[in-house]
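The structures considered in this document are given below.
In what comes next, chain A is part of two complexes: it sits with chain B in the first one and with chain C in the second one.
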Partner chain A sequence: MPTSRSTRIVLYVYGVLVIAFLYIPLVSVGFASVSKARYLTFPIKRYSTKWYGEALGSSTVSELLTTSMTVAVLVTVISVVVAFFGALAFARYHWRFRTTFQKLILLPIFFPQTVLGLALLMWFNSLGIIPTWKTAVVAHLVWIAPIATLIVAIRAYSFDPALEEAARDMGAGTFTILREITLPLLMPGLVSAGLFAFLLSWGNFPLSLFTTGADSTLPEWLYAKMVSGYSPLVPTLGVMSVVGSFVLIIAAFAVARLLRANKETSAVQD
Partner chain B sequence: MNRLDGRLGFLSALPLVLVLLLSFLAPMAVVALFSVMPQKVFSIANMPDFSAYSLFFSQGYYKSLLWSLGMALTATIILLLICWPLAYAMAKVFGRFGLVLTVAVVMSLFVSENIRLFGWVLTLMKGGLIEGHLRAWTGLSFESPLYDVPIIIFGLVYVYLPFMLFPLAQGIAMVPDDTRQAAYDLGASRSQVLWQIEVPLAAPGIVVGSLLTFVLAAGALAESKILGGQAVIAIADDIETAFTFGQNWPLGSALSMILIVIIGGLALFGVSKVDLDAIMGRKR
Partner chain C sequence: MGSPGLLRLRGVVKRFGSFTAVRDIDLDIVEGEFFTIVGPSGSGKSTLIRLLVGMDEVTEGEIWLRDKRIDKTPANLRPTCMVFQSLALFPHMTVGQNIEFPLKLRKEPQDKRRARAEELLDLLRLPRSYYDKRISQCSGGERQRVALARALAFDPEILFFDEPLSALDYRLRKTLEKELKDLHARTGKTFVYITHSLEEAMVMSDRIAIMKEGRFEQIAVADEIYSAPVSRFVAEFMGEVNLFPLSAGADGRIASDALSVRPGMRLSQLTPGSGGLLMVRPEYVRLAGDADGFDFSLKGIVHGEYALGSRIQYEIETVNGMVTVEKLREDRLTATEGQTLVLGFNAENTHFIGEAA
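Here is the complex of A and B:
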């Protein structure tokens, strides 16, 4: 039975409402960030961008941003490498413990992240490691590397193993096949896995909470300020972090589009 | 060829298995060991006793656990009801708009949970986005719904919506249109098609979505702290307090173990029921 016209309209309206529901809090944060008053009340009486100036000039803020950025970049690089091989083991190769491996990967994703963070804190402590931002990289990896693997695996499912077999029949070694056939085929998956890894690490709070030691990432600092009294910098930094992620996503889409266009023109020229 | 596949599979699984061994399984073992240590020790070189577990009952920690599980269950049921029509529309009705919706939902995931919950505080507080404007324009006012149990559930529903929506849409996409059409042709009613065709065939998506939301919501911390203002204490909150202010690692570990056993059991059960290859779009 095809859906009737009125049902379709209701569903579209519903979809728009859900999107609005997801973004309402961000609208509030956005307004709050440009309010001049130290203690916020709506409707906002006077607008000002002074908190942005203050945030940009603050050394605490640049330290927070540097820490968050370093952690996110390292997590991204390691996750993508691990996910490339992990996805092949997940989806491509037929080997003995494949289903066990698949389930092992899902476990950390299903885990409460706060508990994961605490478990890591105790583990580092019993190894005699003092937590810094480096241990936070490890903590993020536990959760993000499996997610990156799943994303690449979706891509790995859809490629034809005959391509690799043909290359092998023509005498290519395993390493050559990986570099010349597998890597280019999985590239779109690797790019989106990298994007996910970066953004999830950038915004992550529960895993950082216990594993950064004396260092602090941006979400951690925001949480500390939210729980222990208001700072007018909270909405400002919130907006800066959100805008940063969205710019990155849009840039990634633009680059992907440009590359595709390039490929098509060069294919035509060939 | 097959032996080669076996070797390559093993080798390429190695990096991830090593990461998880060193930073997931080993820490879990440490938690398990700490949970049977006497109170307030900071090393696992002590005589084991089970005093931390007895505190779970005597100090009323089971209440936090029940609150967490109850709120997580409520949020899961609400999310199932909210997401079903939307997931159905994403899988079967929306064309391009489905993509827009997907992108919009995924983008919201990249904003730190804290910032989004804090945004709800600004929206719902007295003098916030809604109440402030309402009072300025109409003179009417209402009490802020913040700092109570329903708002915590609201926060859970808000934060975990994507984790229900996407698996559900994936599940509904697995229901063949022909099967549904055939049922209608044979005279089935709308509700018969729903309960006898769509729900059973979309079951893997329903199971994964519900499990994911329930498990994540049961271990959630930020919702009750930021929106709930400690109206009730979540179990994750108790665990955190035991580690930080309480300086009682064995107690924190014992509480963690109880949560881990419940959640891990559910997760393993769910994962074992579902064919991952099918859900993730295996073509061969």
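Here is the complex of A and C:
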């Protein structure tokens, strides 16, 4: 459909406004992180990378990053494993309570995270478990594993059950089918589920707040510092966290692209 | 076909809860034959083939392959293989990897696998360069051939087919039907094929079984199924047909509400006091000015004319309802719609279906 000049202008303006709305806050955090001043004021008078140096040298920061990273990696690994088997139960096999299972497993996603966090904290207390980053892993899993399962299930729904039957018919046992057919076909779903799990855990605040106990993740620390004792270390770490996430996503895409390219070259050689 | 059955079914029953999909089936499939099971959807043919392949378990009965009872053997341990309706080609593998899959499972060395895959590509008339192609780069007909090659690589005792041609367009289907028949002849394998298309069955099969509500109505060679169906269901399933109710009096004289019968006509299958249906295929009905020289005749008004390509079909309104008549294009009628004619046919071109059926 041809668009008139005036329509095009409106579209451009609209597009720019939406992008600005989404990104100006992030950019301003970036600016704040390179300000030399102790408090955030605009316009920034003197720039400095001092806080980045400080962040990299700080033992608090490295402790925070270690905690957040440990939680996120564990949540990712466990979520992907749970999602793989959960999605198979969800989408591939017909069994008596399947539809009930499908609904129940998705329910935690719809709980407000603060409510979920509070409920888990009360539950841990009543069991006499002292909250640490390990309980946070459990808390994150309650919310993230269903999302990962859903992502893998969508993939599982989209492939023909006859593929597994055909493999069996040609002599493959259950384990071989899993390795040769099911796993490779679900791989794109598992990769995106893993990415989501990592990012959701890495950036999670409400669940961590309730369930980490004396330990602290990066988002928790950022919040605590905003409430009392702001320093430019806050935006600095914020920026570092965002950059870290971006690097992860780009790396994942690069790996996916590399794998595809490999397959294609092996397909055209000869 | 006197040789002993390669695959034997004895009293095979399959129930899903209270629903019986397959009812007490006995069957002997002879080594090397092309056997087709035809039936409408819901007739139980897909259930039956799943039992034969081992993807579902029989509720009752026995399945024997040569001298081994296999009905408790799971699909992956049976020496048979199926070409699926969806073909079930692995999308994450190349054509070559698909074909080699059953060989890889048997841990055959790479060079032997490749040699066999290339042999099969030749057999299925696919260029060897397809070895490294992805499945998504193949056309419908090519995928069909890849699926066949993969099944043949397995080297099954019996090759099963679950309507693999149903998703293809008419011309490609026609070509592949002939190719399948040809492949059957060249490989000498036993093929068991299921389809809802009688035409497909007629082109390819040595024997055909017509299935209805979980039972076989008739098992016979294609010609016999066409010319001598055992029931109204089989007759109507096997293409256009005209059926006339008949009965015989105590003296053996034929009585019919619709047909004028030549005086003194007798049908050997029509015993005195019984009744049934007289079947005549559209190509055997003659159109004439009067009833002279016909064993059976009736009057009708030309209702419609339909071109079928090489043949022309007429619908003619009679006291027995619409009667279908077919002529070759060169024998096209001069009659026009609304004209009254006499339809006649002779006993040698008819088939009698007894009352019970």
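Annotations
We adopt the following convention: the second predicted complex is superposed on the first by the 252 of 270 C-alpha atoms of A that agree within 3 Å, B and C clash if a C-alpha of one lies under 4 Å from a C-alpha of the other, contacts with A are read in each partner's own complex, and residues count from 1 in each chain.
Methods note: contacts are C-beta pairs under 8 Å (C-beta built on N, C-alpha and C of every residue); 3 or more make two chains touch, one makes a residue touch a chain.
A quick note: this is a predicted structure, and the numbers were derived from the prediction, not measured.
Aligning the two structures on chain A places chain B and chain C next to each other without any clash. In the superposition on chain A, A:138 contacts chain B only, with no contact to chain C.
Look at A:11: by the touch rule set out above, it reaches chain B but stays clear of chain C. Contact with chain C, but none with chain B, is seen for A:167 once the two complexes are overlaid on the shared chain. In the superposed model, more residues of chain A are touched by B than by the other of chain B and chain C.
Centred on chain A, the angle reaching out to chain B and chain C in the chain A superposition, using CA centres, is 90 degrees in steps of 10. Looking at the shared chain after the overlay, A:243 reaches neither chain B nor chain C. By the touch criterion defined above, A:223 reaches chain B but does not reach chain C. After overlaying the two complexes on the shared chain, residue contacts for A:205 are found with chain B alone; chain C is out of touch. Of the two partner chains, chain B is the only one touched by A:103; chain C is not.
Once the two complexes are overlaid on the shared chain, A:56 sits clear of chain B and of chain C alike. When the two complexes are laid on top of each other via chain A, the two nearest Cα atoms from chain B and chain C are 5 angstrom apart.
165 are the residues of chain A that lie in the contact sets of both chain B and chain C, per the superposition on chain A.
The touching residues of chain A, counted against chain B in their complex, run 1, 3, 8, 11-12, 14-15, 18-19, 21-29, 31-32, 40-43, 81-83, 85-86, 88-99, 101-108, 110-116, 118-123, 125-126, 138-139, 141-142, 145-146, 149-150, 153-154, 157-158, 161, 165, 174, 199-200, 202-206, 210, 218-219, 222-223, 226-227, 234-235, 238, 241-242, 245-246, 249. Of all residues in chain B, only 1-2, 5-17, 19-20, 23-24, 26-28, 30-31, 34, 42-44, 82, 85-86, 89, 92-94, 97, 101, 104-105, 107-123, 127-129, 131-133, 136, 158, 161, 180-181, 184, 211-212, 215-216, 218-222, 225-226, 236, 239-240, 243, 249, 252-253, 256, 259-260, 263-264, 267-268, 271-272, 276-277, 280-284 touch chain A in the complex they form. Across the complex, chain C is touched by residues 159-160, 162-163, 165-173, 176, 180-181, 184-185, 266-270 of chain A.
Chain C makes touch with chain A in their complex at residues 53-55, 74-77, 80-82, 84-86, 88, 90-92, 94, 101-102, 105-106, 129, 131-134, 150, 154.
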